[in-house]
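One structure follows; several queries about it will come next.
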Amino acid sequence: MFPLWPISASTMSGQVDALYIFLIAVTGTVTALICILVLVFIFRYRHSKHPVAEQVTGSIPLELTWSLVSLGIFMIFFLWGANIYVAEATPPKDSLQIYIVAKQWMWKTQHENGEREINALHVPVNRDVRLTMISQDVIHSFWVPEFRIKADVLPGRYTTLWFRANRTGTYHLFCAEYCGTLHSGMLGKVVVLDDAKYQQWVSGGGEMGSFAATGQKLFQQLGCANCHRFDTQGRGPNLVGVYGKPVLLGSGRSVIADDAYIRQHILNPGSKVVAGFKPIMPSFQGIVTEDQTLSLIAYIKSLATPEQREPVSNRPPVPKSAGAPEVQ
Amino acid sequence: MSNISQATAVSIREAVDKHSLHGHFADLEQQREAAKLGMWVFLATEVMFFGGMITGYVAYRDAYPAAFQAGSVHMLFVAGTLNTALLITASLFVALAVHAAREGRRKALIGCLAISMFLGVCFLGVKGYEYYQHYLDHKVPTRSFQWDGPDPRHAEMFFVLYFFLTGFHALHMVIGISILGFIIYFAYKGRYTPEYHNPVENAALYWHFVDIVWIFLYPMLYLVGHTHV
Amino acid sequence: MATSPQLESSSSTDYLNAEYGVKSWLLTTDHKRIAILYLASITFMFCIGALFALIIRLELLTPDGTLVEADTYNKMFTMHGLVMIFFFLIPSIPAVLGNFLIPLMIGAKDVAFPKLNLLSWYIYLFAACMFIYTILTGGLDTGWTFYTPLSTSYVSSSVVLGALSIFVVGFSSILTSLNFIVTIHRLRAPGLTWGRLPLFIWASYATSVIIVLGTPLIAISMALVALERFFGIGFFDPQLGGDPLLFQHLFWFYSHPAVYVMILPGMGVISEIITCFSRKKVFGYWSMALAILAIAVFGFLVWAHHMFVAGISVYSALVFSFLSYLVAVPSAIKVFNWTATMYRGSLYLTTPMLYALGFIGLFTMGGMTGLFLASLGFDVHVTDSYFVVAHFHYIMVGGMVTAFMGGIHFYWPKISGRMYPETWGRVAAAIIFIGFNLTFFPQFILGYLGMNRRYWHYLPQFQVLNVLSTAGASILGIGYLLPLGYFAWSIRYGRRVGNNPWNAAGLEWTTSSPPPTHNFGETPIVTWEAYNYDELPKDIDMRREETVVQH
Amino acid sequence: MFKSDMTEKVAPKKMYILIWAALMCLTALTGGISFINLGSWSTVVAFLIATAKAGLVVTFFMHLRYERQRTIWIWAAASAIWLTLLIVLTMGDYLTRGFLRVPGK
């Protein structure tokens, strides 16, 4: 007649379902207990049957018992939920990287091979997929109920989501955070393909070249390469091998050159200048779109792929005394 | 309760203007305590009101320390310090006014309040001068905002916070000065006695609170830029 | 008001007939009349909010959005939320029953600052007018949460006016609460120690603490949204260097405790009703009182559980999830203690008691699903879905409104001096209970299935459950209309009652019904504990016209 | 209850002058110290001095020291505690963002 349970299509959904069933079982038992007690009391102690109330004003041991038992049960809920949450927050290494840009009211997905999709996302089954997401305008939220995962997509800051689909098929992609007039129209589909079909799908696209190649082209067009040269002579730091490594800032602190740092540096270069360089880089705010920023990041990331030799660098080494890298 | 205390209570009640005691209070003492407690609860609300903006300040300063420091360089340190001194002195005279009210010295009460009002107006004058200088300097966060150094966006955030915080504070100053005006008027009319001067006490509490807000705003806004953190 | 209390309150004049005319109401400083003013104004606002709810539910009958446009629908749920939360729920029990009962329950002649009390109502009225003007000039479609940067830079509706009316109405509740705090501290009758206070007073006090310390945050965040939108200066907008999550932190610092503003006074009322109709002392008085305070304090420490998927740090989320479970413990204590209060009692299933029993069931459901949502891994899936919608309607409508209805029925004889028709009352209570569950239970299932909240159209497979929900809503609507009718009827035709028709404990029942302007002929002196049902008559004779005053 | 008990204990006038002098000195101190580079301690010192000044105003000018209503003490403390809670729990989010090296977590 109508569905009562959503399809389970990712490794996470089984875990969330198990927690859900546990929660229903425990709270259902307690709720039923309270309701039965209330009904029994109504029946046994109604005024016509039990005309004189007996004053029972409290029982400290009893109250302590049900408080502590409740607390104990709550801690199980907490730990179980926290366990799943931490797993959801830590994407495995070697995940398939996909970029998502959300805007009113559509989803743009960008694969590393250069394939682009609107309101659709094709992923292989049984493979860890990591989404790096950003919004061009307001807050959106990426939700695939069949995967039991969700994360807000923020303007101005990257958020991450990962999943591992374990069932082929087409699933719903919703925007879960209210985002204006056509919020309910901001729908998409997530298509989980088996390996063969996915390979076929991948080879069908990518006539533009890989996403990093797009970024490389842009890197040349915008003139980034004039300063960020691949030797030690540039006015800006050499970007080879920088991705994911700590860099020393002029302030003496160090920071990991991750997606967030690179994005911040493209849009707002003055805020965290690398030690030994002048703050001469112009801001690209309003010049590059979020998609283009992501392609630049993909390109810089591709530069980090270690060749055999140690990459040339004109950045000062990060001293041990710089302490723990600063967090973004 | 002894007979003496009842007799005292009756004599006090007779001594004061009948407008001083409102019908639903048992005696002046209860009314006085209620008024004072009400004011303190109100001040707790006010603390949280500023607290929202202060939280914003802490979060953004933590995220963009360099921009905030660079923004603070443009503060008029002398004006800010002068204003701090003015407010502290104004607070002193308000405290002395309460003291005078307790002892029933009407002229001293009016005199002290008048000095406080004057100092408060001076504070606003200096504040206005600062605003004018920032306006000339293109540091008002509107379209005309200009910034030469790095990270203009977050330097502008410093000025947004500066104008919000000092603006809300100045609004409180205006309210405080007006309240002192009313108090002076009623004091002149002879409304307050050593037994009944709740409005004087409450106005003073409010004034001191506005002073405390400034005591925190001063280092937050004016003292960030001198050294390189 | 400087007249001597002993001269007031001859037996024939009460607060309702002490003076006549519109002016005597609009310029009154009598807390009871102000309560009536609030009752009238929140009922009006409730009707507006209910109208919006009706349109929402009708729209959701079909999956493809045929009744209204998307923009209209967005305005409907935004304004439904804003009206119901800020103009109905928050002032409902605190401002209506609180104003009426607090001075009566503590044996005071009025609240501490009667003029301020009237001013609060006028501020409320002004804000309500502002908001109605906002509605009439196009309304707003930001969602009641005003999330930036949608509200500051993207939607095109009257956000500034809407935000400012929320800003203003905040001051109304702050001043009312300030008044209650001082009243409860300073105006208690001799002998009425903290340990003898009715739990409703404890609950009102805790509520007032939350309002006084929390409301400034919603005021300032609304002011900042309005300023940011009006002048284009950045505070939350990432385009201008701000952080939208800062808005969410400031917003929820108030708006989560606001949930306890809505539910705590309801808990207080329920404690009054259950003890009275069980003819028993409350089970575990001190743990009930301390649980109320604990909820008020811990309620402030859990706000970011609204933001588990919003991009806050994992560590922060873990802390807030943990704290959310801590605040659940005192709530659980309360449910167990109410149930235990009925044990070996002598139960009367009157209308208020039916509401109280309904409250226990519905609040338990709402609280239990709150435990689901506090569990991080589960929350990720269902947040922003209908599961959340169902959960908070179970707390706010199933909890608060049910308690409010119970409280109004329980105190109606005191307020009006007349009895409502008992049979109709029971029928309405049953209809509301059935209608409510039919409306909101399917939404739990919808949420887990994947139906988003704030969706104008939805997947066709969700239609059956949505039709069930709409059907329930129409039953619920009838359930709420019935009391409106019979209360109006009873004002004129209801049976007159004596001081204490329920033989209930508490100072409010020792004075006449309706009470005189200054409440008590002479200041009562309290020598008994709260809920001293062992010293009161064992029976309630609801037919009787007069009751002998005990004590 | 004699009359002397009903009005609060009155602080001597000299005390107000002393407190005022202390406040002025602390203002000069915090202003002066701001020119000395203490690294991240600058903020701490400025905050401590401001707190000390606020403490003096609350204790003496606002007569909290002579206040007999415990409730007022509680409310004065509550406002400070609640403000701290707001800032600490909010900053708890900001300061731990990115510990996992996963953007947005």
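A, B, C and D are the chain letters, set down in written order, and residue numbers restart from 1 in every chain.
We take it that a residue touches a chain if its C-beta (ideal position, glycine included) is under 8 Å from a C-beta of that chain, and two chains touch if they have at least 3 such contacts.
Quick caveat, the model's predicted, so the values are computed rather than measured.
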Chains touching both chain B and chain C: A, D
Winner on C-beta contact pairs when A-D is weighed against A-B: A-D
Label of the chain whose CA centroid is most distant from the centroid of chain A: B
Chain closest to the middle, measuring from C-alpha centroids that were averaged per chain: C
Computed distance of Cα centres, chain D from chain A, in Å: 40
Distance between the centres, which are taken as Cα means, of chain B and chain A, whole angstrom: 46
Gap in Å, rounded to a whole number, between the CA centres of chain D and chain C: 36
Chain centre separation in whole Å, for chain D relative to chain B (CA means): 15
In chain C, residues with contacts to at least two other chains: 185, 213, 217, 243, 245-246, 249, 253, 311, 314
In chain B, residues with contacts to at least two other chains: 33, 37, 41, 44, 48, 51-52, 55, 59, 63-64, 153-154
For chain A, residues contacting two or more additional chains: 89, 151-152, 154, 157, 159
Touch-based graph of the chains, sorted into line, ring, star, complete or other: complete
Chain C residues touching chain B - in the complex, by the definition given at the top: 1-3, 5, 108-114, 174, 178-179, 181-183, 185-187, 212-217, 219-221, 224, 227, 231-235, 240-243, 246, 249-250, 253, 518, 523
Complex contacts: residues of chain B adjacent to chain C: 18-19, 21-26, 30, 33-34, 37-38, 41-42, 44-46, 48-49, 51-53, 55-56, 59-60, 63-64, 141-143, 153-154, 156-157, 160, 164
Contact set on chain A toward chain C in their complex: 1-6, 15-16, 19-20, 23, 27, 30-31, 34-35, 37-38, 41-42, 45-47, 50-59, 62-63, 66-67, 70-71, 74-75, 77-78, 80-89, 104, 137-139, 141, 143, 145-146, 148-152, 154-157, 159, 172, 174-185
Parts of chain C lying in touch with chain A, wherever the complex brings them together: 65, 70-71, 74, 141, 143, 145, 147, 149-150, 153-155, 238-239, 243-245, 278-287, 308-311, 314, 317-318, 321-322, 325-326, 328-329, 332-333, 335-337, 339-340, 342-349, 357, 360-361, 364-365, 368-369, 371-372, 374-381, 383-385, 445, 448-450, 452-459, 461-465, 533-534, 538-540
Chain D - residues contacting chain A, complex: 95-105
